[in-house]
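What follows is one structure encoded as structure tokens, with my remarks underneath.
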């Protein structure tokens, strides 16, 4: 069960921060910066790859990429804890919004940004 | 159950992309860029706030922030699908690594970056 | 003269890329990713600092930060070369736009984002 | 003369911030976040483009991209002012470092990251 997994991971991350007395550094502002820093590390793995190469990573590279992605999710979870919000509920809401903003019939095969559909 | 929730959301996101014929744009490289773009939107909510202000958002602002965080998680999930990797397993691995890199007794109350402990 | 300095640096960066046969990797898309990666490295220096601490870096830290900023400017210059656009002219235009968007009398002491003034 | 241009722009940006009483918000930490936010906006223009498409933007798109790049340079300049460092000197130093790290004879046609050469 992943609720158990995700919930267990969340508890684990909270305990990890508390045991190290790191909650004092974990203001939402700082966590957002840490998340952005990890995002930068993820990007660095892909910046010189072609799109094709990015889809066929070696297993070693894939593990490194997975760990960068994990860092991002870790900070997302920590941030949701500090802001006291439900991350999965937010995803559910956002999916509903996207369903309305990007009706399949209108945007099929077209990746323009939402704002470009306003006109 | 969140496994069901997370699993259901993942399926939903996959169907969403396929219905719109967007998988052609969703190379890992492009998804990493999209994730970084959303990360930039998250940052913009916090850049002029003090740390204290960042911990007491209005409910309207908190909802906007939650939706930016959702966008990041959505792209993380999509990326894990395209790379065929297990995001929660990666978090479990990364927590184990961090337990070793940052022993509580050594780093309590200290937020220096890992590399600064090498010396 | 800094035109000479900036112009000389630009020429230097172009030669550097050509000597290494790196222009093949320097598509605008890739350069934007590289720029974002450097931006992540810059953020990592600041994520756990208070605003006050961020204003009184040690000289060693300041040199490291200066080099991260240099990396960002290097990729900005390379990107402007690949896109064949004048970076300083763009800054001049943007300053003029900002003068109109943020009249001093209206926004003095207020850091809300531009979009929040629309209402 | 670009020294005059760059120097004049720097003075202009300083005056702009002071006239709006915005220096209070412009801690180095906050400016780094603002720079990262602008970087996210730049990325969004390129995330769904192929490398080829990224090299042949329409003139309207190119102007938008130039303005995002200008925003990044504006925050770089502001940050160098707040940290009291010389951005062009840092670029000169970084180019010298890169000359040593990436000897042309060794890295020609190879875009692997510096750390991958350590082994």
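Brief remarks on what is shown
We just call them A, B, C and D in the order they show up, numbering each chain from 1.
Rule of thumb we're sticking to: a residue touches a chain if its C-beta (ideal position, glycine included) is under 8 Å from a C-beta of that chain, and two chains touch if they have at least 3 such contacts.
These figures come from a predicted structure and were not determined experimentally.
Where the sister copies chain B and chain D meet, the same residue numbers recur on both sides for over half of the interface positions. Set side by side, C-D and A-D show the greater C-beta contact count at C-D. For the pair chain A and chain D, the distance between mean C-alpha positions equals 25 Å. Averaged Cα coordinates give chain C a centre that lies 2 Å from the centre of chain D.
Across the assembly, chain B contributes residues 25, 29-30, 32-33, 36, 39-40, 43-44, 46, 48, 50-51, 111 that each touch 2 or more other chains.
Residues of chain A touching chain D in their complex: 29, 32-33, 36, 44, 48, 50-51, 111-113.
By the touch criterion given at the top, residues 25, 30, 33-34, 36-41, 43-44, 46-48 of chain D touch chain B in their complex.
Across the complex, chain C meets chain D through its residues 1-7, 9, 12-13, 16, 19-22, 24-25, 27-30, 32-33, 35-36, 39-40, 42-43, 45-46, 49-52, 54-55, 57, 62, 65-67, 69-74, 76, 79-80, 82-83, 85-95, 97-99, 102, 104, 107-109, 111.
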